[in-house]
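Worksheet for the structure shown next.
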Amino acid sequence: MDIELGRNRKVRRAYGFDEIALVPGRGTLDPQMADTYWTIGGIKREIPILASAMDGVVDVKMAVALSKLGAIGVLNLQGVQTRYENPDAVLDQIVSVGKDEFVTLMQKVYAEPVKIELIHKRIKEIKSLGGIAAVSATPQVAESYGKAATEAGADLFFLQSTVVSTTHLAAAGFEALDLQRFIDAMSIPVIVGNCVTYEVTLELLKAGAQAIMVGIGPGAACTSRGVLGIGVPQATAVADCAAARDDYFAQTNNYIPIIADGGIVTGGDICKCIACGADGVMIGSPIARAVEAPGRGFHWGMATPSPVLPRGTRIKVGTTGTIETIMRGPASLDDGTHNLLGCLQTSMGTLGAKNLKEMQQVEVVIAPSLLTEGKVYQKAQQLGMGK
Amino acid sequence: MDIELGRNRKVRRAYGFDEIALVPGRGTLDPQMADTYWTIGGIKREIPILASAMDGVVDVKMAVALSKLGAIGVLNLQGVQTRYENPDAVLDQIVSVGKDEFVTLMQKVYAEPVKIELIHKRIKEIKSLGGIAAVSATPQVAESYGKAATEAGADLFFLQSTVVSTTHLAAAGFEALDLQRFIDAMSIPVIVGNCVTYEVTLELLKAGAQAIMVGIGPGAACTSRGVLGIGVPQATAVADCAAARDDYFAQTNNYIPIIADGGIVTGGDICKCIACGADGVMIGSPIARAVEAPGRGFHWGMATPSPVLPRGTRIKVGTTGTIETIMRGPASLDDGTHNLLGCLQTSMGTLGAKNLKEMQQVEVVIAPSLLTEGKVYQKAQQLGMGK
Amino acid sequence: MDIELGRNRKVRRAYGFDEIALVPGRGTLDPQMADTYWTIGGIKREIPILASAMDGVVDVKMAVALSKLGAIGVLNLQGVQTRYENPDAVLDQIVSVGKDEFVTLMQKVYAEPVKIELIHKRIKEIKSLGGIAAVSATPQVAESYGKAATEAGADLFFLQSTVVSTTHLAAAGFEALDLQRFIDAMSIPVIVGNCVTYEVTLELLKAGAQAIMVGIGPGAACTSRGVLGIGVPQATAVADCAAARDDYFAQTNNYIPIIADGGIVTGGDICKCIACGADGVMIGSPIARAVEAPGRGFHWGMATPSPVLPRGTRIKVGTTGTIETIMRGPASLDDGTHNLLGCLQTSMGTLGAKNLKEMQQVEVVIAPSLLTEGKVYQKAQQLGMGK
Amino acid sequence: MDIELGRNRKVRRAYGFDEIALVPGRGTLDPQMADTYWTIGGIKREIPILASAMDGVVDVKMAVALSKLGAIGVLNLQGVQTRYENPDAVLDQIVSVGKDEFVTLMQKVYAEPVKIELIHKRIKEIKSLGGIAAVSATPQVAESYGKAATEAGADLFFLQSTVVSTTHLAAAGFEALDLQRFIDAMSIPVIVGNCVTYEVTLELLKAGAQAIMVGIGPGAACTSRGVLGIGVPQATAVADCAAARDDYFAQTNNYIPIIADGGIVTGGDICKCIACGADGVMIGSPIARAVEAPGRGFHWGMATPSPVLPRGTRIKVGTTGTIETIMRGPASLDDGTHNLLGCLQTSMGTLGAKNLKEMQQVEVVIAPSLLTEGKVYQKAQQLGMGK
């Protein structure tokens, strides 16, 4: 709080991933020696990556594939998979419509109600194919969908809204979800988000959250900053929330992971998230580029578009390889979007971090990758425009 | 004043809206619970938005439409509406001329004198159609036009110049407007601007202004910074002037609203203005994009172009929806330019602000949305240029 | 010196004109009341603008025209005007050659020796047409050309090199110019530059310079930063050198003007230069855009290109109006490149500065006009690319 | 460590070359008086430039040419020159393949094993043609290739990995190179890198390195930041490592040069490197633009591409002149990429630095060359897009 925005108004500077870089120290190690295992809700996984609960990212097949590759895919319980018996026809329509009709089509598609029986069906499909059934819903429907998900055999429940609040004020006729009571009532681990501050993280931890999602506004498909003015740069948000995790652990000896969610595009971004204090990351667009992704080369934000104030643009991300190539390589692209596990292990090796706990403590430096004249010159050369 | 520009020269850093973001806290509330009412010159309105007194933005029809939607449109008393009996023919010409002839045409169009009878006529048209008659003029003509406007039944009088001054030095043969005496003499509320500092705001308040316009140089159609070197980033300007309002209120118990004017394009910008301390905002280009806007898809700066030093470029803004869609939705665009009331309410709900007073106190963070390499990469993906 | 570049290495932050803006205060005045007169080498002028001693900017005709308009044009004594009896043929060639052959052609054109009789001839032409004869040469040839210029009746002598030094170390067989002795020996005022620091300015003042040119590296046609790594942002350089002027004045009661030179494109830039402490400015590219400019719509740097290490790119600046339009208006462009005197007077009026001395004391604020996402959006709108 | 990234997390700001500029002081000198000699591993050279050990930059012919011009070229012992009897056929293939097939082709090309007899052959070719034989290998193969290189008569051995470590942890079945023992065992000077910190530099110096390479992540052909999140801005890295050199020299009276490696494109960049404390520089892309370069107008990163996580993009750099033109001029380009020695000498002359030791002490200023609106305007003018 040391910057004067104006008279009598002190504010703080927050930093994003584009503004930081990691600094190698004295030691290095062979990448294959880097231990990347983490545990979420009692489930141990080799790759600390969750695929976002978005309709262009995760369907039943993807959830299963990610489970087998050592990661987790989260299924959106309020998306096309649980609104339509045959979601593929709807997905075909979403990706083929023109840019101008997109918002209107989305409002129509999501007007179809969610069916409890489809919640059951999708979860059972994932389980029967050997996958981890991680599912997501918003506070408004958490109680009924949470119950259905538990009955169907889900392993993890993600309670996600743009901004989670411990003291929500509901309009007359509605009742706010009591977080603590909800979590207590659920028999499977509940992951909660998204938040960006130390204080809220601490409150969510006290309410019993089994993991905390961190990130508001930084995502590629998210337009919160333009529409609402809201958005906190991720490096600072992650560092703040990780401090809450550490303080909570010091008090309770209970270690609850922090998951960075939003704006993560490359392996380098994943490495930076963890270096800032995250235990895992949630990613959307990198997964949407898989051959197997339900988005068919497209990615779009927001689980459930608002009928009156839609947010979340559709982005053409293209298809660059199989989900195995993206998660475990070998890479055929050199920009950090293939072999994300390899990126993390090589970075840890280069930085001398034997495990994620050590990776959280490597040196971070403020080093903005701003577009300078020099970089534009280099970029021009890369594009073959050098003299 | 803590930065050394050079030897013996200390300066201050000022911040713009592109450099800040809003941070959610502990509480949230349902958007429909967010109370957005404000009062200006004794008139209570649901939407804290004024449409700029520019010829491409407000005519009689637009002033009436905005009044009915809960906002206010300000009519420029020195524009085509009061110079021409039939302004539509002139507007058609302005939007159809080529870029190179624009400046010259504008100088010619505005050489036609203003007619007092047209001032009367336009105000009466607005009133007879049930609208709020808010009108604007510069200090040079304030006394005569102010008198005419009052007689015609205007509700609010905006005294606006690029930079308002409490001690203007007029050339020989001219007399500077005595602000205090002018305001005292007017029987309707006088809103004054634009200014950017604490000191001037305080002086304007003491002179009896019923609202203060804040903003010099940041607008899209304004070229003050290139032509004059003048321009103060809005976040700091609003925070400074809001501090003067608060101090004046503490001394007098008289609460006078501060209106941020200039450079506001999206709902997110409106939210940031209020979070920095504004009570309302004045916007031009977002309204110029309405089907009903007199600018026919164009927007141009400056009420009265100078014959010797024109400023204010004509911008093609396009037409994206009705004024109702823009003000109250439902939105069919997801970039924060439709349903501005919805943007504000949703932001307030997300930030837990029950009314504008609470919205003025949400946490602001310095978080530049600079064009970094990462963002260019994301942008390329959005445009379908990803690999 | 408060920033740590690295261990044991403290450095300072310097600011450029793109990073500052001017802040209006309490008073304003009618533009025509703003007194812009300044005095250089005993010559009083209404417009504090010098045209650069560059071959695309000033020839005999332009020097005369500028004199009549209230400004000064400086003729390069080492350019095509004094190398060729008929410089127009050479200028035609320079502007018609392709980009790839430009450097080679320039090296050939400037291999032709300067003729002392042409120095005499050009100066006499200017004087006979009623102009002020201000001429420029580098230290290497200053003694002989200075003598010739004085004999021919020149009014002002500009001793200019990229970087002026009070202690130049010359290679064996050459002798460094003794500045003090040279200035003492000249019977007309000597203006010296360019420099960027307080210390060097003070030394030059003590040596008897009648004005100091400030600016290394910031110009549009200058490639010093890429080639040599050298270049100091102008706002800081001007403020530093102006502090030396003030201290020298305090000690000697002798007021010697500081001239900002390099990187000035618009009227707004001129206003900022003076607000940072300059008494006048030297400009190249804005003049090169005049119908009468010898550059025929082009502008190129460096008086005398090096045969082994050429610097100074040729830029197409286009032709936008007469030199009268550019200097005194009326403007037909709204971007601050027409009516530079009007820009300065209007800015002074808006800022309440009655003369240049007051203009040097207006409030400056750090307000980077960086390319942010918001600005790219606005720019897209201006180009008609808005949705 | 004075910036708060987040709660409980202090970080440091690091600076790159795009963010600094050099400031002239009181003295200047004729460029030809600037002494640019330096000594590396007992070899004295006029030009403090090494050509990178990359396959598009150095082959036998280039190493010889650079030696004769007063510089040094480093041959990559793990590239196509030592894998293929006839490397030219392979190089032809690399530059003719499409962008999409590049990564895959590179993985195939580098699957061919290195032959010890080709190491012997290439070194002998360089020596027999009168060149300095400087060769490079990674720690994994250093012992065997180092032995072969010494036997073949190499003059300098570069031990280079992305990040050098004094305490590498090798996977089971492998053994980490003991740096100190390796250097002790080699009978020719060993240069070690790359590193970026004071601490590691000091350790490498104590281990007996005869020069230290500084730079991780900043190069044009390097994608470490995107893939691994790793990369330290060069100005700070060089200043930090140079401080270690100075402290080591103060303790031992043994002066070991620091070489800046990565991201250097122009003569201005070279000048800045030395001003930050470097004794010499290693450059890739500027040399790849020579007519004689093995890359045939292309440049690509990484000596040995990883089969699972390739990094290092292929860039089209074009061909702009002979290696003599690039190193010693005369220049036919004005952008600082021709006559690098001339750039350095002219910069030293302008800054008054008589030798590299003085050049390391010139004033540096933080002066970001960010893309501002003003610069985009200038750029547009240069491209002939001005109005």
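Here are a few things to note about the model shown:
Letters A, B, C and D name the chains as they come in the text, with residue numbers starting at 1 for each one.
Rule of thumb we're sticking to: a contact is a pair of C-beta atoms (placed from the backbone, for glycine too) under 8 Å apart; a residue touches a chain by one contact, two chains touch by 3 or more.
Note that the coordinates shown come from a computational prediction; the quantities given were computed from them, not determined experimentally.
Of all residue numbers used where chain C meets chain D, under half belong to both copies. The two sides are thus made of different residues.
Relative orientation of chain B and chain C, expressed as the C-alpha superposition rotation angle, is 90° to the nearest 5.
As a whole-number value, the distance joining the C-alpha centres of chain A and chain D reads 38 Å. Per-chain CA centroids place chain A at a distance of 54 Å from chain C. In chain A, the residues that touch at least two other chains are 12-13, 236, 269, 333, 335, 369-371, 375. Against chain C, in their complex, chain D makes its touches with residues 12-13, 15, 20-30, 32-33, 198, 235-240, 242-244, 246, 266-272, 275-277, 329-336, 339, 342-343, 346-347, 350-352, 354, 363-367, 369-378, 381-384, 386-387. Of all the residues in chain D, the ones that touch chain A in their complex are 3-9, 11-14, 16-19, 103-104, 162-171, 174, 195-197, 199-200, 203, 216-217, 220, 223-233, 236, 265, 269, 285, 289, 306-313, 315-318, 320, 333, 335, 368-371, 375.
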